[in-house]
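First chain A sits with chain B, and in the next complex the same chain sits with chain C.
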Partner chain A sequence: MMSRIVRDVSRLTFPLFAMFGFYLVAHGHLTPGGGFQGGAIIASSIAMIMVAYGIYGLKEKLLSISELAGLFSFLILVYFGSHFAHSAVEEWFKLPVVGPNAGHLISAGVIPLMSIAVGFEVACGISIIVIAMRKGD
Partner chain B sequence: MNKLVAALSLVIILTVLALAAVDLHPLGNPAHTEMDTYFLNNAQTELGANSVVAAIVFDYRGFDTLGEATVLFTAVTGVLMVFWGRVK
Partner chain C sequence: MIFLLVQIFALIVIIISALAAIYSKDLLAAVVSLAVMSLVLSLEFYLLQAPDVAMAEASVGAALTTAIFVLAISKTRRYEQ
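Let's turn to the complex of A and B:
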């Protein structure tokens, strides 16, 4: 737990950090960025709030389970994103894989889903590393 | 003696590296451009992604990205093994 100034400033800027990270993850197929970079930014926002407020109340087990879930969802998406399953993904998620709407937020088939999965994994993984190093046990 | 050996090996290594650098293929003049041209021309129409980098990373080279995610997972597992895995 740090001083009042650090706590207030980190509390004020935490939503902006996290929003920017989620924006990068969600727009991975449209703009520069993507899962890895956005996940690192989300993890840095978590690290900032952790430095300011301490680590009490953070659930490491939940974070590690979430990281595993991100990796497995990416694995599943890699399988279903291969060539034979483009049509299956199009059927299930009602996402247009190709078409004239390239550039919209909902487009590009499995690419944004994979980006979200990778962002999930990277954010949870890096923040759990930071938490483990801070806690030390 | 040691300094003489060090200076000689430095000269030899520098000479070899300079010869290799002179012999390099010129920049901006790639030998094989078929795959790059294919990606740049077909990424948007085939996948619907505006970012060609995202199209390559997550679809054309998706298996490589899976490997990167696995590398990160392994790194996290190793760090957690160091910090949490102490035998009580």
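Let's turn to the complex of A and C:
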């Protein structure tokens, strides 16, 4: 538990911080940024709350299961993308914004879903690191 | 011209904050100096037209390592001896 100033400022800036991370994850196929950067920003907003307030109510086991869920959903999306569309892994090395209505938010096939999976996985993984550092054992 | 001036300013701030992080005896001030160095380094990445790397550097370098170092300092001593 930190001082009053740290607690209030972290509580006030947490929604802006987390919303910017979600924006980066959702627009990962259109603008710079993407799964890793957005997930790292979401995780740093969670880390700010953890430094200011403590880790009450955050279960390490649940976060670990969520991280595995993000990873496996990424793999399943890679499989579906390569099965139903023409290969998604091959698509990464071309221009990312192709397909119907290119340049809109709903475009590029399964790539935004993959970006959301990567963002979920990175946010949970880095939160596990900060929880382990906070607990200290 | 303004581009060159901003880049020179960013590099000078990076060097000064890195030296402050090395030589300060207060470890919390050293951590904040490292965060400032990382933030200005991400500005430098943005000026060199790599906004992707700049976002990764700003989120990991300025926020996450600062949180981890602050947690580590809160478990140990604040002043170097």
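Rule of thumb we're sticking to: the second predicted complex is superposed on the first by the 118 of 137 C-alpha atoms of A that agree within 3 Å, B and C clash if a C-alpha of one lies under 4 Å from a C-alpha of the other, contacts with A are read in each partner's own complex, and residues count from 1 in each chain.
The rule is short, and it goes like this: a residue touches a chain if its C-beta (ideal position, glycine included) is under 8 Å from a C-beta of that chain, and two chains touch if they have at least 3 such contacts.
Computed from a predicted model, the values in this text were never measured in an experiment.
> Look at where chain B and chain C land on chain A after superposing the complexes, then choose clash or fit.
fit
> Which holds for A:L16: it touches chain B only (first), chain C only (second), both, or neither?
A:L16: touches no partner chain.
> Is A:L24 in contact with chain B, with chain C, with both, or with neither (first, second, both, neither)?
A:L24 sits against chain C, while chain B stays out of touch.
> On the A-aligned overlay, A:P32 touches which partner chain: chain B = first, chain C = second, or both, or neither?
After superposing on A, A:P32 lies in contact with both chain B and chain C.
> Let me test your reading of the model: by the given contact rule, A:E67 touches which partner, first (chain B), second (chain C), both or neither?
The answer is first: A:E67 touches chain B but not chain C.
> In the superposed arrangement, does A:I76 touch chain B (first), chain C (second), both or neither?
Once the two structures are laid over each other on A, A:I76 reaches no partner at all.
> Check the residue A:I129 against both partner chains and state whether it touches chain B (first), chain C (second), both, or neither.
Both partners, chain B and chain C.
> So in the superposed three-chain picture, is A:M50 touching just chain B, just chain C, both, or none of them (first/second/both/neither)?
A:M50 sits against chain C, while chain B stays out of touch.
> Looking at chain A, which partner touches more of its residues: chain C or chain B?
Here the partner covering more residues of chain A is B.
> Looking at the overlay, what does A:V118 touch: chain B (first), chain C (second), both, or neither?
Once the two structures are laid over each other on A, A:V118 reaches chain B alone.
> In the superposed model, how near does chain B get to chain C, counting Cα atoms only, in Å?
9
> Using the superposition described at the top, list the residues of chain A that contact chain B and also contact chain C.
After superposing on chain A, chain A residues 32, 34, 36, 126, 129, 133, 136 contact both chain B and chain C.
> Contact residues on chain A for chain C in the complex?
24, 32-34, 36-37, 40-41, 43-44, 47-48, 50-51, 126, 129-130, 133-134, 136
> How about chain B: which of its residues touch chain A in the complex?
Listed in rising order, the residues are 44-51, 53-55, 57-59, 62-63, 65-66, 68-70, 72-73, 75-76, 79-80, 83-84, 86.
> Can you list the residues on chain A that touch chain B in the complex?
So the residues of chain A in touch with chain B come to 28-32, 34-36, 64, 67-68, 71, 74-75, 78, 81-82, 96-99, 101-103, 107-111, 114-115, 118, 121-122, 125-126, 128-129, 132-133, 135-137.
> Using the touch definition up top, name the residues of chain C that touch chain A in the complex.
The touching residues are 51-52, 55-56, 59-60, 63-64, 67-68, 70-72, 75.
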